[in-house]
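Scroll down for the structure; my scribbles are underneath it.
Read from first to last, the chains carry the letters A, B, C and D; within each, the first residue is number 1.
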Amino acid sequence: MMKAAIFGASGYTGQELIRILLGHPGVDLVAVTSRRFESKPVAEIFPSLYGLTSLKYINAAPADIAKICDIVFLALPHGISMEIAPVFIQAGKKVIDLSADYRLRDVSTYEEWYAKHTSAGILKDAVYGIPELYRQKIKDATLVANPGCYPTSIILGLAPALKNRLLDVNTIIADSASGVSGAGREPQTSSLFCEVDGGFKAYKVGKHRHTPEIEQELNILAGEKFAISFTPHLLPVKRGILSTIYANLKTDIALPELYALYSSFYKQEKFVRICPPGSFPNISAVCGSNFCDIGLTIDLRTKRVIIVSAIDNLVKGAAGQAVQNMNVLCNWEEDTGLQMAPIYP
Amino acid sequence: MMKAAIFGASGYTGQELIRILLGHPGVDLVAVTSRRFESKPVAEIFPSLYGLTSLKYINAAPADIAKICDIVFLALPHGISMEIAPVFIQAGKKVIDLSADYRLRDVSTYEEWYAKHTSAGILKDAVYGIPELYRQKIKDATLVANPGCYPTSIILGLAPALKNRLLDVNTIIADSASGVSGAGREPQTSSLFCEVDGGFKAYKVGKHRHTPEIEQELNILAGEKFAISFTPHLLPVKRGILSTIYANLKTDIALPELYALYSSFYKQEKFVRICPPGSFPNISAVCGSNFCDIGLTIDLRTKRVIIVSAIDNLVKGAAGQAVQNMNVLCNWEEDTGLQMAPIYP
Amino acid sequence: MMKAAIFGASGYTGQELIRILLGHPGVDLVAVTSRRFESKPVAEIFPSLYGLTSLKYINAAPADIAKICDIVFLALPHGISMEIAPVFIQAGKKVIDLSADYRLRDVSTYEEWYAKHTSAGILKDAVYGIPELYRQKIKDATLVANPGCYPTSIILGLAPALKNRLLDVNTIIADSASGVSGAGREPQTSSLFCEVDGGFKAYKVGKHRHTPEIEQELNILAGEKFAISFTPHLLPVKRGILSTIYANLKTDIALPELYALYSSFYKQEKFVRICPPGSFPNISAVCGSNFCDIGLTIDLRTKRVIIVSAIDNLVKGAAGQAVQNMNVLCNWEEDTGLQMAPIYP
Amino acid sequence: MMKAAIFGASGYTGQELIRILLGHPGVDLVAVTSRRFESKPVAEIFPSLYGLTSLKYINAAPADIAKICDIVFLALPHGISMEIAPVFIQAGKKVIDLSADYRLRDVSTYEEWYAKHTSAGILKDAVYGIPELYRQKIKDATLVANPGCYPTSIILGLAPALKNRLLDVNTIIADSASGVSGAGREPQTSSLFCEVDGGFKAYKVGKHRHTPEIEQELNILAGEKFAISFTPHLLPVKRGILSTIYANLKTDIALPELYALYSSFYKQEKFVRICPPGSFPNISAVCGSNFCDIGLTIDLRTKRVIIVSAIDNLVKGAAGQAVQNMNVLCNWEEDTGLQMAPIYP
């Protein structure tokens, strides 16, 4: 049994990690931390877990947690993670960081979009945690930078097309929409039910911090440097991200070929489902699961490919992918503890 | 491996049965029927199941299904179930019927609230399928009448109080609210998103067909005959039933005693959770799980007990309880295939 | 033109008052106050009002506001209103207070359920502002205590039955459910979209502060003293309150008589609609309007009357009723500025 | 008083027309038709209107309706409108058609995307009913082709930029999302609450019938021929359309200039609101109103302009714009009967 801890386990991502890890046969969840809820039972904060765990939140120093666990999940805001990850790394523990702190390979890009980076030293050891793209590297990593939710949906949606050099990369536009859980559990006016229900809006238009992360990975996939447009929207749902991605085709590929290429690219993958031709994903069909569903079409009138991808932002976009990364790290079957079917309706 | 079939598997309850049975280690799901979707893949109708099953809907006669399965779930409208159940019974198969056809022990009550009963002969063999109350009988049953969703929430909420003769039974009022999935997947105006979202209403006030079923079981528990008031409401949510139940106390019981009595009554039960004193259930804390959460208080000003119970109508209120009954029938651990934690948020 | 001000106009009720008063032909809205949003345009905080008003929030002393207005609406938390109302009263202005501070005629009851009352001196001048019941008194009032949202729905639902002595008053149970806007616009975890959507729960069971207010008015209507059970629930909708009210009948009244009695009681009322026999209200059918819809039935099996009433908590339950009270005070047509049809769907 | 009739008034658009026209001071609503609800009171089908109208649905021939009205609104499916409009035209009545039948000026385009056109003779007389663009022509029209909901949001969003030749027209992408009321009130599985709530999906990707309508008007505005990409999505809300529109800039315009240009273009317009710099529209801020809100930014990294526009699909996207067109036709103030503020929250 692997001894796991979650640092910062009081938000929605933390809760989802607890939920998944409690059902994971290879893991013993030994500690969950929270400053705000110190010494309160997890099940008091999240009554859905009542009867399923007797864990209480603790407020311990990273060094003390490092002594009792083999692997730690950091479900912390950016800026905080980089203060804490080095402690675990130094203690020889595996770290899966769900913040943005180790996702950007270029320190100056991080500092341009986020803030001063105080842990650049271990940045080079971090592996970007999309197993479908970096499985081999993750196996040997000590520090996995678990991807952002929007980036996961967009990168998986574009990877086969970019790898195969199908696209005019300067025409890529990703129009995404996320459920509210992506904004966390901190009370704020903009996340109130009355502000969100019945509404739909774009936000941080042209300046969302996931932009450089998406570009970093798309550039690597395409083997060239380019910028994209990325517009996030807020959906009146709890979970789910849908990305509708546009790009001009550089080549004369027909739709069946495109499907063949995507199916082949993801053939071995347990968590990527290519929708049958003519059908497109719905976030409600992946809810609660680690799936990424992808639909495709070519608009012959404009010679654009349109790719639609859907994930559950808390699972494949956060906690699920983190566990998937742990499974890779531990050489377990990649879907261990992640076999839950989507909940529908 | 038990060979199971689902007769009438194209609705929300049918889908939920499929979802649960696909993850059940003791069951091989061999057939699912649907007239409307004959020969279509289940995953085409329910894309959430894409990649998880290659089953196709078939449109076969009961006798033919009986030949290939050990146990059958009937997820059919009342009136249809009683035409089909006898075929399986006669073939020596176990039947778990999710309709109302075998729930009422008194044929004339059935005929007063529903329609002519054409299968009264096997009615006496049917066991009412709340394992928490009828576990021993279910073990030996061939025909389990799986309870209605509202009745499950109300009966479990009242059982300890009635068994202990605490209540003035003529003052019982059950005020319940259900998610829309309870109305099924047939297209009808009243279930449209625009009719339901932002709304809340009472319906079938004083005449819902679950009333006699609730009264039958409450009368048995109390050992006397009485009528109750039951008012269902329609909630703008997909899943969940909350019942707020009122009754005058006959005795001078204090709240801590009441909690002790409930906790003791359900001590061995895996699926009933008594909320800690001062807290009350929320349907979102049982969503996707087989739990029934129960909260209690005594209103000293009026000497009334107020009991609030919550279930997921598709799980503990239908498919989950059906699988729980199967587990009892098969002498398996009662939570086999039912260990999923509620999905939250 | 009447010069009106709103003290505490930054919440949902304040916004609704602004929205209604901007369309009121007899009113000039001269000032809206907010400490938090001082000097910000109203339309910046509520973009729905963009282009409709150039008002900015001010943070002025009550005495200064009193100099520039004829009437003031206090949309403040209880405890604050009673510090501010006296200033306006002394300045000879009309006050419509939307807090609980002047609703309870008995100071000790107020202090038992709320807090120390510091303005008991003017309490006796306050008129409880349900125009359907206190129209004559409101005409001459200087201080109107605008009712709570739950009380409005329950009192209007029971008034005809109680006035006509039909009920065994000790059996009255009011089971209510409210939209989230009733909890205000202050950021708090329990009002977050992810906490509310897909959920339904009872809260403050047996101890909600509206209980004594409801009892005060029901006791007056019935001419005797009694307690009721009142259970509020939280609905995943923005607006609306539905109350399902139960009581045993004391007399042998038939349903058509009951309808006749209710229709006659509310015959002259513009804002109370008795649903046609067999139909019951839905909060979505009153959304955005000042209507209170009432449905009725008698459960012959239990000899209970069941009354269902629906209002929009922000309109008839708060801002709309406040404007209705102003209209009465000013001797205007009672529906001036309140003729908006419900918005549907 | 203008005598108005609504042909096909049983859907959501029909209901919205009734709601608006009942509050319109210049209109006497003399007839509403419905085959399905013949002889039923409107308020029975739409209880929100109870007490506000005693109109009953009739099932009369167009010629008979033409005898009693001055103007008719056709809220019918495409294909049916063109059978009925000519009757009213011939009788010398004004027609505002809310279907697609007279929107496309080119018959062959209509027949490619819809079906055989049987009323091409009067097509040339039809005026496309966006008053902001065609006000003068509408004044003298007998037949107004009321625009589609998606086209309204996209055309208004792009008009100033195209008129001023700012865009590389071959790069235009419109990514839109609509509330469910756009799908009408006919019962269908895909509009059920359980199918929509918690979901988000793209549909008719690359082939929605509004595409040629959008292109027709954008081409006219730009003075050249081009195709666009348009992707509609289904939102779990009742009302509202948000369009996020992308295009490469052809010129080096700065953001303040762009705002100035948009503000100037719509300076005289009562129903178009340009959001303050840095803020973007939300469908909840236009709900129930005839406003179109527009937000703007320039993504300097990609040299793309991003325009976000929001309308209520049932108001500015259908019934409200129809009434606005009637006001223009009748030489009334353009906002007569349309002054309702958005309802929020």
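Annotations for the structure displayed:
Criterion: a contact is a pair of C-beta atoms (placed from the backbone, for glycine too) under 8 Å apart; a residue touches a chain by one contact, two chains touch by 3 or more.
Everything quoted here is computed from the prediction, not taken from an experiment.
Greatest centre-to-centre distance from chain B is found for D, with centres as Cα means. Comparing chain pairs A-D and C-D, the larger number of C-beta contacts belongs to A-D.
With each centre defined as the average position of its C-alpha atoms, the distance from chain A to chain C rounds to 45 Å.
Centres computed as Cα averages put chain A at a distance of 38 Å from chain D. Centres computed as Cα averages put chain C at a distance of 36 Å from chain D. Taken residue by residue, chain D touches two or more other chains at 12, 181, 194-195, 197-198, 236-239, 281-282, 284-285, 287, 345, whereas all remaining positions touch fewer. Chain A meets chain D in the complex at residues 170-171, 173, 175, 177, 194-195, 197-203, 205-206, 227-229, 231, 233, 235-240, 242, 244, 246, 280-285, 287, 295, 297-302, 304, 306, 308, 310, 345.
Residues 12, 15, 19, 22-23, 44, 46-52, 181, 198, 238-239, 273, 275-276, 279, 281-282, 284-289, 291, 293, 339-345 of chain D touch chain C in their complex. Against chain B, the residues of chain D that register as touching in their complex are 12, 180-181, 185, 187-189, 191-198, 236-238.
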